[in-house]
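Pasting the structures here.
You will see chain A twice below: alongside chain B first, and alongside chain C after that.
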Partner chain A sequence: MQNTFFAKNPSILIFIGLLALFTLFVTVGSEATGMGFISTSFVKTLGKTLCLCLIALAMDLVWGYIGILSLGHFAFFGLGGYMIGMWLMYERTRDIVMGSLMNAALPPTPTEIRDAIGGQIFGVVGSNQFPAVWAFAHSLPLQLILVVLVPGLLALVFGWLAFRSRVTGVYLSILTQAMTLALSLYLYQNESGLRGNNGLSGLQNLPHLDAVPQSLISIWFFWASALALALGYLLCAWVVSGKFGSVIRGIRDDEQRVRFMGYSVEGYKLFVFVLTAVIAGIAGALYYPQAGIINPGEMAPIASIYLAVWVAIGGRGRLYGAVLGAAFVSLVSTWFTGGQVPSIPLGFYTVDWVDWWLVLLGLSFVLVTLFAPQGIGGLVDLIAGKLAPNRHGAPLGPDQGSLREEEAEK
Partner chain B sequence: MIFKTSGRLAALLCALALAHGTAALAQDGAPTQTETPPQASEAPGEAPGATASAAMPALSPIQSLLQANRDLIEAASRRTIQPAIDALATSGLPQAQSVLEKWQAREMWQRDSDGLFFYAEEVDRDTLRIFDFSTGEPLGDMPEDDFTQLKPNSGIRGLMGAALVSFQLNSDDPAVRGAALAGIERDGDASHLAPLRSVLDKDMDAANRARAERLERLLTVRFGESDAERVEAIGYFNGDLGVDARAALNPLVATTLRVGTTLPEGGNVARTLKVGSDALPRLEAYALLVDNDLAPPLLTVADNRAALEANIVDGQVGGIAVADLDSDETRARAYAALAAEGTVPLAATPDEIDTILDGFTFYETFAEPSALVTDAASDALTGIGTKVGFNQFLDLSLDGLSLASIYFLAAIGLAITFGVMGVINMAHGEFIMMGAYTGYVVQQIIPDYTLSLIVAIPAAFAVTFAAGVAMERLIIRWLYNRPLETLLSTFGVSIALQQLAKNIFGTQARPLTSPSWLDGSFQLNDVVGISYIRIAIFVLALIFLGIFLFIMKKTRLGLETRAVTQNPRMAASMGINPDRVNMLTFGLGSGIAGIAGVAIGLYAKVTSELGADYIVQSFMTVVVGGVGNIWGTLLGATMIGFLQKGIEWFNPANTLAAQTYMIIFIIIFIQFRPRGIIALKGRAAGD
Partner chain C sequence: MSQLLEVSGVSVSFDGFKAINNLSFSIGEAEMRAIIGPNGAGKTTFMDIVTGKTKPNAGTVLWGEMSRNLIGMNEAKIARIGVGRKFQRPTVFEDQSVFDNLMMAVKNTRAPWSVLFFKPKFKDIAKVEELASEIGLSDQLKRKSGELSHGQKQWLEIGMLLAQDPRLLLVDEPAAGMTLAEREHTTDILKRTAKTRAVVVVEHDMEFVRRLECKVTVLHEGSVLAEGSLDHVTANPQVIEVYLGR
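On to the complex of A and B.
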């Protein structure tokens, strides 16, 4: 028992336990399955937050553990959302179209059905033809495979190109940002076949389930998100424990040394990059049916930077830190931008938080980076009495953790 | 030639009119001496009506001329009016032009009592204010009932227009001539050709002469009498870049798609088309046949459906159960069955199309009947096309250059902070925005645009320099060890600044107006042109390149910066204060971003997202160009600018696609030169 996975990482059990308790609490509180003191829209918000926690987990793995500051993971998130959104939209439109065609005198031919669905979906972009990318939209299993496959393949190709040519550090960050920008600009075009800037909408309505109320659907998705988060956490924890984890932390701290020890640094990086992209894709596939709409604006580079902000505030380099950060920042952000925070009258000017929240976030982010590089996770250390030994040197970030004191430059 | 002819005609008619005896040309002193042939002087003697007019006060020359042509004017029709117009046009009277203008504008009235002509304004429904033609003075208000308005129809007005053009062309005032030429350029027709040709023989200022010559050629292309004449005129436009030349030539080679069983005799056929080729797909060809009633219409899915729905009998159509009609094949069978019964008209099935199409020839004909002319025109257009293509390439290069200079301006500050200091400043875009807003604020205070621009540039530099120094002191210097965290914390600053700008200036775009001397554009010819603002930005970019090189290579600060960049500890031991150098360098980079903001704000609207729009491109520029070298930034900006314009050229409607492909290209480019175009070598490269 001494050497089991969980015994070595007690935080995993604590995390899963807390998550289970939280899920139970929300289930009991929701309108559909419990006493109803948590509104359906708030259940949705919580479910979405769990998805954001999942992608933050992926971000922590790729940034906090292997040291790639990817500013492109929201692109994978969005792609996952698009893949599931295509099926949702196709199937639901098909339900509606079939309903109206069945009332006609003649039974519809397959071509007529297809044209009618195409007209419904692509009418907004002035077309009624299905683009090639919708080839599998009629099949849920195929689209579910695409949820994993499309972000994974994009990450594989991009990562292979980038890592192969030894693009590292800040360069890589900018390159991933460029990739995100390119993708979102591409999706903005009507020619991309994904309805341009209209995006896909009506995703909250599950096909064939018109009779099921949204309150129940929202709790289903909440459960699914919680399960995905739990599984994702287990997977990530398993990946970062053991030898593999040691190697990737080594790559983060000093890539050259690991390379000279004979490890295939590029292989490790590529694996982690693709894995996290897939996790991000799954998170997106769970997020967007709860959000109801997806458009290219969601994949703008700034979203990915926010992701990095969450992880940094939560405390990178520890998995629960990422989850904490994402949950904390996105919930606080919802609270502030929802207009529920009372304004502060200063006499000459009233601070309206809807306007000033971003200023506050930006500045607090700077402060966290400067004064609390450990983020919220540092509080956990404080409580557990596990403060890092005083090295008398400059405070080093995780990417410089391997430096000895005398190497640490101010 | 023309003038002589019409002059003679007019004189003849004058004489004729005099013979009828309404006017007293001789008494008035025969104003048109130059043109009036001798026999006119004989006229008064024979004129029986001369006594009547003798009782009236002496008529002015213009009035007498009008009276001379009174019959023609009163019973004006397109076929007969020309002599009267010519008489006016050739009279040499100063008022003739105004008569024609008023007449054309339906402002000429005739008094019923004595038949004299005036021009008039309607004061109200019943009253006219009458003016005398010869003096232009008002003769008082009179009741409308005493006058008859002359209402020339459009054909007559056209003839008058041509006469007026010739008046204006013959004017001594270059401005009037220019206006006449402009009128013809706008809307020329065959009647303008003669006056244009005649005026070419006369003295004229060079600019108007060139215009008139060109116009004469253009009109000859369109309305010339003989093919040879037109072909010669077309030859004049070989390699001409003017839009007007292409506008005159293009209609000549316009074709219409026609169909027939054989090629027509004598028609100017451009080419015959093969059915099924790219130019004429099968279905289009068939649709043409249907349009010309040469073939039965193809049965569309909707028609088929409607026909079947209309003929459902006992749940069956043509013997097939309704429930089975869920495929095109069964529907076709059901329709065929109905057609066999005769309930629906026969329709061509897709298989029959080919047999029907085989019986016809598809060809394109020119609207222009003469093959000589069309051949010459298409030759000329081909030549023009090549030249236009070359000039478009030039124009595109200019666009690319201007885009490159914008990227260079936006990136040069980054090249300093990122390239020289290795600090990623995500707030760089917001410094650009701050500069633009500074320009806007200065413009609110100083209304004179030129002066405010002169003030705004140093002000923007000062503001962003201060902001940069503050940011370096407060944030960046604590993070020199941690580049990724610098990136993130400066990003925090960036979102805070962006939101702050929104809170202060609102979300709508603010105008930063450029001074009037920067308005307009420099046109090399009809194809190549560039706006002055873009030229100014290009010049500004060059100036900054110079300033940067000067600071880096010739000043103490530059020396110290280079030293600190290469080895901070060594530099510190030589007595350089790295903190101070870093602060100043960062301030310099930010200050230049502010000035770039003013420049960018001049042609783009100032919004809080202004900087964010340029930040990724700026980083791309620096990354592609290579870190730590200004020439690299220059090359990077040039490459990205030209590339983007080049891609846009392939798909002009879609700038989004251009950006997408450009970024993909850059990602691939980084594969081959991971350190940019100009990579630092040796120790300076670090790692």
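On to the complex of A and C.
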């Protein structure tokens, strides 16, 4: 079974192989485990990029394969980040609080400890009480379950409502935007219990591991991200191969036709929507400890739109295209917005790339959409010579039936 | 004779325009029926109603031994209980191979979870190959169906319809874009199918209808104008006026 799966999809092995090579290269180049020609901050950038590649995979599944242009998947990504962030922040604050209470004359009571942690975490929003949503923050396993459960449940409820009433196309995209906007606005409020616009911070410091340098932590997270991407790729490739893949691509191309074959289109959409939301949540849970901070701004509608742009530029409808697009565009974007690209003085005006990068990105999006709908992934086809056979000539019409011009002549 | 499908008193209007007007129609277990009628007579809309795509404003559509009402059921459910449909414009999944198109249609469980773990069994593959040879696409199984000609797509769709193993086949203009030989073959397939199932064929081509050798229903402005053998209905002066005489 494994044999045929990989034999039918050689691109999977190529992808995993390249990812392994890349991981090896970064490991050898990092400060903690290798020769140190890759800085710790760049290892973090690369690790974060792998997480973005993972959510791009999810986006490709939901957009490129089943045809739902979701502009809300960063909401799930952010939720995953918040869920892991709560534990990281709680546990680390507990370490600090315990450290200082140790010196007190009397041993602290559990209530005292809890209040002290609450005061540390919620001082910025003028409170020292734990809101109800933090009920499980003391337990890593529980918060890890929430990483999967919270995005999954939100997607389930949202998807059930939206697909059941057969909202499709642009209207559905707008609804997903509304969802992510509403969530982000809600989290901005202090009452949401997640520290409002301050968000969660200090996530790069792992609890109980003060002695471990960031250079090592960064490579750990890099490895975890690479592993998650590899597993995510395998999972997505398995889902889109075989009959399930056939059905979802059918839904993308003509959902009505699929219905008339007896498939409940809504069920399939819901399945894929929830699955991709969970993948996005896991990607977010790996991303934010590397970023160090998460706030509601991360879930702004624009983030999810970027995601669609990455996948479009990479080439939707093929998994490695999504990964290529996310890696390429987000790295180039880091480069441009990091102020490392020299400005172009035009005499009367200086093109400063920090400002103009977005224009460039928008322009490339338009150009790709118009002239290379296959995106970067299309280049692979060019190299592999895997272009659609061109039969030339027009169909001959009813009388000659199934043949085309030059085929009929011979 | 027990009827498989009984449509009675069905009406549909689109923005006040009555596309189907108090239509009644029934067909038995193993019966072939041709529906003819001028453009806009409501033939496709009739199929839309039976398959659940369009909800009628009035009337009932009863199905099978239990006389279940199909109105209000969703399309997928209706398809699963045994109504298959071929569209006027051939709609196959162009991005996928002929094999995948047929495999998707082959009768099997349709639920997402079991489809995810579906492995084609020997009998499924044999079924696809048998159908492919029936519709003359044995050599094309690996090709993307988008590369097929119009006539071949028509056949692929007929093949997908048969693969579903329905009890009632609604076939909208199956012969458009086919050569004479292909049309004859299509007639054969349909006639053979009608020995065990109910088949409703909509067709404009009179020669094609004649070869089906079956009862004909003439639709006009959303209701039945005449019903009977082809010779009988073509002799009807009203039919001549609205359809044949133009």
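Just so it is clear, the second predicted complex is superposed on the first by the 385 of 410 C-alpha atoms of A that agree within 3 Å, B and C clash if a C-alpha of one lies under 4 Å from a C-alpha of the other, contacts with A are read in each partner's own complex, and residues count from 1 in each chain.
Operating definition for what follows: a residue touches a chain if its C-beta (ideal position, glycine included) is under 8 Å from a C-beta of that chain, and two chains touch if they have at least 3 such contacts.
Please read all numbers here as calculations on a predicted model, not as lab measurements.
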Contacts of A:Phe136 with chain B and chain C, given as first, second, both or neither: neither
Touched partner set for A:Phe42, first chain B, second chain C, both or neither: neither
First (chain B), second (chain C), both or neither touched by A:Gly262: second
First, second, both or neither for A:Trp335, with chain B first and chain C second: neither
Chain B versus chain C as contact partner of A:Trp223, first or second or both or neither: neither
Contacts of A:Val239 with chain B and chain C, given as first, second, both or neither: second
Superposed model, chain A: greater residue contact from chain B or chain C: B
Shared chain A surface residues [contacts with chain B and with chain C]: 256, 396-397, 399-400
Contact footprint of chain A on chain B as seen in their complex: 301, 305, 308-309, 312, 322-323, 325-328, 331, 418, 424, 426, 475, 478-485, 487-489, 491-500, 502-503, 612, 616, 619-620, 623, 654, 656-657, 659-660, 663-664, 666-668, 670-672, 674, 687
Residue numbers on chain A that touch chain C, as the complex places them: 1, 239, 242-244, 246-247, 249-250, 253-254, 256-257, 259-265, 267-268, 271, 388-389, 391, 395-404
Footprint of chain A on chain C - complex, ascending: 51, 53, 74-77, 79-80, 84-85, 87, 91, 93-96, 100, 103-105, 110-113, 115-116, 118-120, 144, 147-152, 160, 164, 176-179, 181-182
Residue numbers on chain A that touch chain B, as the complex places them: 63, 69, 104-112, 158, 161-162, 164-167, 169-171, 173-175, 177-179, 181-183, 185-186, 188-189, 191, 256, 301-302, 305, 308-309, 312, 355-359, 361-366, 369-370, 373, 394, 396-397, 399-400, 408-410
